[in-house]
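Labels run A, B, C and D following the written order; every chain starts at residue 1.
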Amino acid sequence: MEVGFLGLGIMGKAMATNLLKHGFKVTVWNRTLSKCDELRELGASVGETPAAVVARCKLTIAMLSDPSAALSVVFNKNGALEKISSGKGYIDMSTVDAETSIKINEAISSKGGHFLEAPVSGSKKPAEDGQLVILAAGEKSLYDEAVPAFDVLGKKSFFLGKVGNGAKMKLVVNMVMGSMMNAFSEGLVLADKSGLDPHTLLDVLDLGAIANPMFKMKGPTMIKGNYAPAFPLKHQQKDMRLALALGDENAVSMPVAAASNEAFKKARSLGLGDLDFSAVYKTVKDSQS
Amino acid sequence: MEVGFLGLGIMGKAMATNLLKHGFKVTVWNRTLSKCDELRELGASVGETPAAVVARCKLTIAMLSDPSAALSVVFNKNGALEKISSGKGYIDMSTVDAETSIKINEAISSKGGHFLEAPVSGSKKPAEDGQLVILAAGEKSLYDEAVPAFDVLGKKSFFLGKVGNGAKMKLVVNMVMGSMMNAFSEGLVLADKSGLDPHTLLDVLDLGAIANPMFKMKGPTMIKGNYAPAFPLKHQQKDMRLALALGDENAVSMPVAAASNEAFKKARSLGLGDLDFSAVYKTVKDSQS
Amino acid sequence: MEVGFLGLGIMGKAMATNLLKHGFKVTVWNRTLSKCDELRELGASVGETPAAVVARCKLTIAMLSDPSAALSVVFNKNGALEKISSGKGYIDMSTVDAETSIKINEAISSKGGHFLEAPVSGSKKPAEDGQLVILAAGEKSLYDEAVPAFDVLGKKSFFLGKVGNGAKMKLVVNMVMGSMMNAFSEGLVLADKSGLDPHTLLDVLDLGAIANPMFKMKGPTMIKGNYAPAFPLKHQQKDMRLALALGDENAVSMPVAAASNEAFKKARSLGLGDLDFSAVYKTVKDSQS
Amino acid sequence: MEVGFLGLGIMGKAMATNLLKHGFKVTVWNRTLSKCDELRELGASVGETPAAVVARCKLTIAMLSDPSAALSVVFNKNGALEKISSGKGYIDMSTVDAETSIKINEAISSKGGHFLEAPVSGSKKPAEDGQLVILAAGEKSLYDEAVPAFDVLGKKSFFLGKVGNGAKMKLVVNMVMGSMMNAFSEGLVLADKSGLDPHTLLDVLDLGAIANPMFKMKGPTMIKGNYAPAFPLKHQQKDMRLALALGDENAVSMPVAAASNEAFKKARSLGLGDLDFSAVYKTVKDSQS
């Protein structure tokens, strides 16, 4: 199967590499073309423009940094849209909002192409290991066609229905995660201020019904006050806000998510927005000594 | 090692059985003495009263249903206290409040005995499998002496310092758990009302950084509306309240735990207190159709 | 002074009437022109279209039901914009969002006109009595020019700076009001369930430092379960949401407003959105008897 | 009518003075007896001990600083209880918890006396002006007997039923007040950070449906950062906590009060507990500049 791949950032490079290693023929493009060299050495072809990639491949995957990049790769001059035609498939695996997905979907569809949004759960390491979780939504036939590629890129892919559902699912997951991070932070601080060793709390938690990788991985660094950003707090807070907005649309009252969102906002107001989202712990902890 | 065991409810019977199976000599007592028969068949001796058990054993473990039972077994006529003397050890593994532990500790100590509170994390199945998590606090020398028994009863035991710390650790863990249950419930309802399949959310969660046994086990039954009580909601809410009170003492602000506590209170007000604590999901979900 | 007046709904009619009674020459327009008759009898002139009114008057006031009406009166064929020219003033006293105000402002300014947004606090009765509170923002010179009219329409007018500030001030006020309504509801229910007479609570509150007209007016009807809509709950919740969004922009953490917003959302989910915003009391109160 | 008066602190002195000025015969006692001199000059008799006062008067009022003072004046040697006998009335106007009231009530009643708890709303100035609000509960016949005195001490007195109801009513009022203070603080900060003048917000609020003396009085000092304690934040937070505990007993979910309580706790953790309760504003406001 011949696959186009647009965007060779940290995630995209790892993903395109995996496709090549598993025998896919891949044509890559990146805004800074020199970043294509490494992939070329692994056997990839290089397209000069997004349009050139789409012209050549029946199926094109995009993995871009944000909504504006995702839009410009489609709509700019020499963008993907110019060569979309009946039967071509375009899969955007970037994390974008529902509006962006819907806009791209309409443009692709109006030219007879098929579209799938397919944001992923997981960052650099899972991308390298082919262990992403893929939340796809849009054209079911395109999903079926893409399954062999998804099987290489991720440990599991889901087809979630109409365009927008992939983004929504990601918001729901991140909302639960954000509330859990707050609950965890409160627990660590309560233990500490009550004379218990927070490290022991980590050990106890890890043996029980709520043991999970996030507590295990983040706990020790939080206690040390190390908040190197894996997922920046301001992005986590934005996702909480969007999840609450989704709840607003559907009249779902979510007081715990709302309290968590305000805690993240407090952290932002204290200048912690660019640190890891676990830095909310710092705002719970800080007190007059 | 000869060990006394007071209280043969669901938990106590499983625990005493494990001790017998692993070669401990055990003398048991239960308020309804007939419940001792099964243990006797497995090789246990039977004591007529708590005092009789303590008289016979250097180390006595109690596993009782609530604080008032824990107190009466010690302080009533023919209670454990009557035969406590220098060098005797008394370990209360019941889940009781700090005041109860402290009161028992003072009485035991005043007669030259040693005391340990050792509440456990885990219910029937882990008790049977010797997979409890034991949160011990009190006399360190008694803890060291009890380690062989703890190794049989649990997969891990912790020594947490002075009496009261075992109860506190349990409150912190249950507080985090209660907030997580609320976050989880909000996520399930948001998914559902936003047109996503809650079962798919369970699958996605189970593949990510916040995957944990509780979500995996409770999720499917919650979606079905099955709230058979493993841990009654009113007890979970009581623990949230006590954890918030502990935060109050130590000036720890915990807005997410507070919001979760109010959600559990709403559930209580709607008559769900005797159901499983996962029934808080019902109060998040219910709306005018 | 000659003033144009667009929109003769409940509020607009009362306001235009006041202007006439205080000696202003007024030219009115309403989408359903027959509604102008009553004003004509009081001495008003009638314009056939918004454009016709603006052509005739140096200063035109609009009081329309919602943002879309506010926009169409300006931008539609024969709309106010067609006859705006250098020196003309246009004052929109409708309650609209900041975007709407900004859009109208840009259009008016681009033709040399002056613009003021001037939402009001107060409903029918204060409008009739000339007791509105006017929250004006935009062109200061136009505000100065409009002061004689504002003095007739309201008991007090404020000039708040640039366009958008009027809407923001209204959001802040409504946010405080929404949280107070929740606090009040919780107090009434707590009194009731604790064996105190809620009517006595009203009496006690009315004698103290937090006595206010809203508690006095709404309390008795809330206790009766009468939620005839003066300010619909769904609009109150929308304002809470917008105020929280304003807080999000400016990194202001507002946990009490957030908790109140979720309570209003719960009320919406229970089908109370079209009732008065005091119906949030019902969601606090309802329990299994 | 002859009235005993125990406790001549700021409040008690003002109250006893008012009774004297309105023609009551008053016998006073204070722990530091020299404080009685001023009252003696106004015509009061002085008792050497609480017992001596009760021996002399059919009706005795106590106004003490806290529960422990309230208890010791009754139960200590030469305490009020020694001379309570059939037909004597004892009215405790101190602010104490329900347990304290109940304990005093039982002791007084067991000797044939009558008891009333009667905490007040209002501080120094209203006490001097006879403008307190009196929340009485207990023996109705004693209330009726005390009405002439209450009419002098307060602008209004309420009879609320059984002992404990006075304390409960005060908690409910203070809970609503605490939530309002948080809502107000959030509004002031939101205004400020959104580019609006907080003083203008005060003016707008003061003209509307939620205008109240607290906003008017506290607003300007809060903006200045002046938190001289009229009602210490730690006491306000304690009352929020007790009100939430009352809600817990009665299964009343109060998410807004809970969020407010956590905000006050945050303020305590930042060392603001001894300042006025309006200092919660500071925790909402502080951010990284």
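Methods note: a contact is a pair of C-beta atoms (placed from the backbone, for glycine too) under 8 Å apart; a residue touches a chain by one contact, two chains touch by 3 or more.
What you see is a predicted model, and the numbers here were worked out from it, not measured in a lab.
Visitor: Among the chains here, which has the CA centroid at the largest distance from chain B's centroid?
Guide: C
Visitor: Between A-C and A-D, name the chain pair that shares the greater number of C-beta pairs in contact.
Guide: By number of C-beta pairs in contact, A-C is the larger.
Visitor: Give, as an integer number of Å, the spacing between the C-alpha centres of chain D and chain A.
Guide: Here chain A and chain D have centroids separated by 55 Å.
Visitor: Report the inter-chain centroid distance for chain A and chain C in whole angstrom, where each centroid is the mean of the CA atoms.
Guide: About 41 Å separates the centre of chain A from that of chain C.
Visitor: If I count partner chains per residue in chain B, which residues reach a count of at least 2?
Guide: If we look for residues of chain B contacting two or more partner chains, we find 247, 251-255, 258-259, 262-263, 269, 287.
Visitor: Across the complex, what residues on chain C touch chain D?
Guide: 121-122, 133, 135, 155-156, 158, 160-161, 165, 168-169, 172-173, 175-177, 179-180, 182-184, 186-187, 189-191, 193-197, 200-201, 203-205, 207-214, 217, 243, 246-247, 249-260, 262-263, 284, 287
Visitor: Would you tell me which residues of chain D are touching chain B in their complex?
Guide: It is residues 241, 247-248, 251-255, 258-259, 261-263, 265-266, 268-269, 273 of chain D that touch chain B.
Visitor: Under the stated contact criterion, what part of chain C meets chain B in this complex?
Guide: 255, 259, 269-271, 287-288
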